[in-house]
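Attaching a single structure in structure tokens format; questions to follow.
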Amino acid sequence: MDFEPIYLSLKLALITTAILLVIGIPVAYWLSGKSTMAKIILEALITMPLVLPPSVLGFYLLLAFSPNNGFGKWLHEHLNLQLVFSFEGLVFASIIYSLPFMISPVKSAFSHLPETLAQASYTMGKTRWQTFIYVLLPNIKASIYTAAVLTFAHTLGEFGVVLMIGGNIPGVTKVASIAIYDAVETMDYHAANQYALILFAITFAIVLAVFIFNKKAVKNPFE
Amino acid sequence: MDFEPIYLSLKLALITTAILLVIGIPVAYWLSGKSTMAKIILEALITMPLVLPPSVLGFYLLLAFSPNNGFGKWLHEHLNLQLVFSFEGLVFASIIYSLPFMISPVKSAFSHLPETLAQASYTMGKTRWQTFIYVLLPNIKASIYTAAVLTFAHTLGEFGVVLMIGGNIPGVTKVASIAIYDAVETMDYHAANQYALILFAITFAIVLAVFIFNKKAVKNPFE
Amino acid sequence: QVLRIAVAANAQQLIKRLQKDFERKTGIKSEAIVGASGKLTTQIMNGAPYDIFLSADTEFPEQLYAKQLGLLKPKIYALGSLIICGKTNHDLKNWPKLLLGSKTGRIAVANPKTAPYGKAAKEALEYYQLKDKVSSNLVYAENISQVNTYIQTRAVELGFTTESFLYEHSDKSKLKWARVDPESYGKIEQGAILLTYAKKGKLKEATKFFDYLSSASAQQIISKSGYHLPVVKKS
Amino acid sequence: MIEVDITKRIKTYKGWEDLKVKTQFDMGKITRITGPSGVGKTTLLKIIAGLITPELGAIKFNGNTWFDAEKKFSKKIQDRKVGFVFQDYALFPNMTVEAHLAYGTKDQTYINELLELGEMENFRQHLPGQLSGGQQQRLAILRALSTKPVLLLMDESFSALDKELKGKLMTKLQALFLVQGTTVLVVTHHDEVFDQSSAIFRLED
Amino acid sequence: MIEVDITKRIKTYKGWEDLKVKTQFDMGKITRITGPSGVGKTTLLKIIAGLITPELGAIKFNGNTWFDAEKKFSKKIQDRKVGFVFQDYALFPNMTVEAHLAYGTKDQTYINELLELGEMENFRQHLPGQLSGGQQQRLAILRALSTKPVLLLMDESFSALDKELKGKLMTKLQALFLVQGTTVLVVTHHDEVFDQSSAIFRLED
């Protein structure tokens, strides 16, 4: 049993979730502000990558990032960044693919917060940023945990995009989802079950830990 | 250009979203109540289908529902229900696959509501059900729209599960995502682009309409 | 219902031609369900409504037959031919030397575990003792179609694929290619099987198509689509 | 007669403390509940309404048991037919003023009567977010009345109203209580709330 | 001197109405703002704090322009250095009592001073959800004071407190205002709020 794919998967999912937390939450906050037509359109656009089958999304990404085509070539020559057949590419693709699962629920949560919370903070001389960090974020913790868990799980199971732009290179882009898929394709059901079980067990433990932690944080005040 | 796959996809996504609204919201509500260990574990479990690559999930569903095996056989003989290579099967699989995207954000939204809202309704003699329908639901509208949009888009783009247990049968299980995939695989990029564009345009219009409607519903009180 | 033929991804171009010819001759309409051989096999084992299966190898049809999912013993309908090709500036005539010498970019092969063409490519690389030299350049595709996609989009410089790729590629001008010496890899025997499912109403049509596969006109199409013809065994 | 004899653990500045209440309230009367901030007045009202469960004791309403810790019995909130005016109003953000009342009664005449009583006739279509503090408080009172409760529990329900309005409103409310035979428990720090004809219960530490 | 001369469209029962206010408030003094429910008292405070933008007019604070509709100028809320006690408190559900104050000042001595002033020393670790109504209201006042504002805006901020507590608190607050030179605008319906030494501004329809 080769544990490298599982390690790679967890690494990919962790990095993707971390980056999405950093990018997604501020964007969600911004979107939750006074809604303009531009914001609404942007929000709808963020949902669009979902509509394409992952492998087709992967195909379009492949076109965009192929080192021999315009944009991919430019990236390669100027930033020395290769987004096909590389781990960085997987991270990038996963971010695009999971973006809406981070942004949308968090945005809704922000928009459900009463506006006097932020106002109270502003009158205390706090900037928008301080207000965001100390007042708004902590009060939508449950939604953020949920969004992070969905993103994490979704990235672990992602497969079509990864298969297309990753190239299944052992130790670099051969993540667990592909290893399981391979095992199923070769009808090595034993290996498939083993991989699936391990992935399940690890993820289940992580998700459970997050939820229990969340429960503790939002405890019933009369207990 | 064959429009049947697009029609099938929209039908599948609509039915799945509708069923998930009906099932998912009450479950989310139930989960948002006094949190017990059992609920936390269940919530973690709901996330698990995500962790598997879709085609592998499809594989396990195929095994479970295969008319040759125990459960699938039973379904077939007693309920005359065949869940492999049939549209019903796709609906069923999509429901499992998209479940967490409906339940998790809605659950978080419920748990962010102040508990005095429900209490006020109970003192007015209203049952839990009435309270749910008239008080709680309307106050998490934004989250429900978001969850529905994510579910809808996710089902449209779903592909691995569908391909595995649906089998790409024209008019029955050949949805747009598979048609696009097919087109890419056969290097008919023109058709792929066309399908992708149409799917994009339709979905974009639907999503935009939902968001605009949502904006109108949650209007700024000082306007 | 029309006749349903499950087809390995490498033969998706071939099947279109065969379908057209078959319909012209018999008036029987058919539809092709294209996929990786392994996936199609799993589906058939679990009740997929397919009448005929054209695999990329012989193992999968044999497995189906062993499970009594086939009506007749599988037969070989074509021998695959492996090529190396790419949108490259290099001349591929003497490709083993090219790979040995100059610095090449990424090379796509189908997954040797799941796709017969991948296995063949691996054998060829071993035969020319290039395996270690190029191993860091290799990327693995799910199936042969994905290799083709990589070649098409120039995500890779070279790829090992089926000769029939050349017959579906519309714009061949930029494409360089060379046949891989059949000596260097094991035969890619592609097997077909008439499935038990056909008994549910399409038996006559399915049998006709199964027989048609060995007809002269079918063989002509096969050999013009990038395949060799199987040596007909007397039984 | 409402008989209350309960013990509830609450968390105060001293840590966990027992809130012990043993008293009786007359039916058909208004009783004012007073006491220092944080002593447990709101908690007591919520216990009577069934929103908080005490650890020990029992509550009887007119001879009917509403709560009995020993028998592990607690009458359903819905069946207690109380009206509750929450200290923080707990209005429904999605409902207009009129919808709040229509949620409690189908009787349009009664709805109009209530709107007039609270001087809210001209705010029928307003949402809570569009109301001033005093308007919200009045709506909270009207909503609690909409179900014609047998027992009305009011938690500091006049604090946001000006003297004139408060005076008029209390006169009209007292008339209504008389007609409907409502028993009223009202938590307040303000002497002028129902000052005539009301009993006082003082909750002490 | 605070000079206010503004017009704001608000939605009342008559439809869209103009709230017109033209007045001056003395510096370093307490001014009570009264007026019928819904007349626009809260709106006025929010306009002064910069939370609501009027359509017309200007606001000057000690000669400095805070708002000028013609010049499209509005001083940032953060830079106005006001303290605001919201009618509905707007406490931060995630912060303990002590954290609320620490959010406004780094000075632990001052925090302790405030806690004592509000008789909240023993609730340092409580979250708003664990506080009684009166405790929440006191926290709202203390939080507004934590930044030592030049101008304190209080919206019906004593309504949930009992007479004794209110009396003590107001005496202590007045001393503090004197020391810090705070200008105070307090919206209230209750005559006993800062009854001595305060000016009155009545907002009419």
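Remarks
Going in written order, the chains are labelled A, B, C, D and E, and every chain counts its residues from 1.
As a convention for this text, a contact is a pair of C-beta atoms (placed from the backbone, for glycine too) under 8 Å apart; a residue touches a chain by one contact, two chains touch by 3 or more.
Keep in mind the model is a prediction, meaning the values are calculated, not measured.
Fewest steps needed to get from subunit C to subunit D, stepping only to touching chains, is 2.
With every chain reduced to the mean of its CA atoms, the largest distance from subunit A is reached by D. Relative orientation of subunit A with respect to subunit B corresponds to a rotation of 180°, obtained by superposing CA atoms and rounded to a multiple of 5. Distance from the subunit A centre to the subunit D centre is 48 Å, each centre being the mean of its Cα atoms. Chain centres here are Cα means. That of subunit A falls 37 Å from that of subunit C.
Distance between subunit A and subunit E, defined via averaged C-alpha coordinates, is recorded as 43 Å.
Residue positions of subunit D with contacts to 2 or more other chains are 11, 88, 130. Multi-chain contact residues of subunit B (touching two or more other chains) are listed as 55, 59, 184. Within subunit C, contacts with two or more other chains are made by residues 39, 42, 146, 149.
Interface residues of subunit C facing subunit B in the complex, by the touch rule stated above, are 4, 9, 12-13, 31, 33-35, 39, 42-43, 45-50, 145-146, 148-149, 152, 168-170. Taken together, the subunit C residues at the contact with subunit A in this complex read 36, 38-39, 41-42, 87, 105-106, 108, 111, 113-114, 138-142, 146, 149-150, 153-155.
Subunit E contributes residues 49-51, 77-84, 86, 88, 90-95, 103-104, 127, 129-130, 143-144, 146-147 to its touches with subunit A in the complex. Across the complex, subunit E is touched by residues 114, 116-117, 119-127, 134-135, 138-139, 141, 221 of subunit A.
On the subunit B side of its complex with subunit A, the touching residues are 34-35, 40-41, 43-45, 47-57, 59-60, 100-101, 104-105, 107-109, 111-112, 140, 142-143, 146-147, 149-150, 153-154, 156-160, 177-178, 180-181, 184, 192, 196, 199-200, 203-204, 207-208, 211-212, 215, 218, 220.
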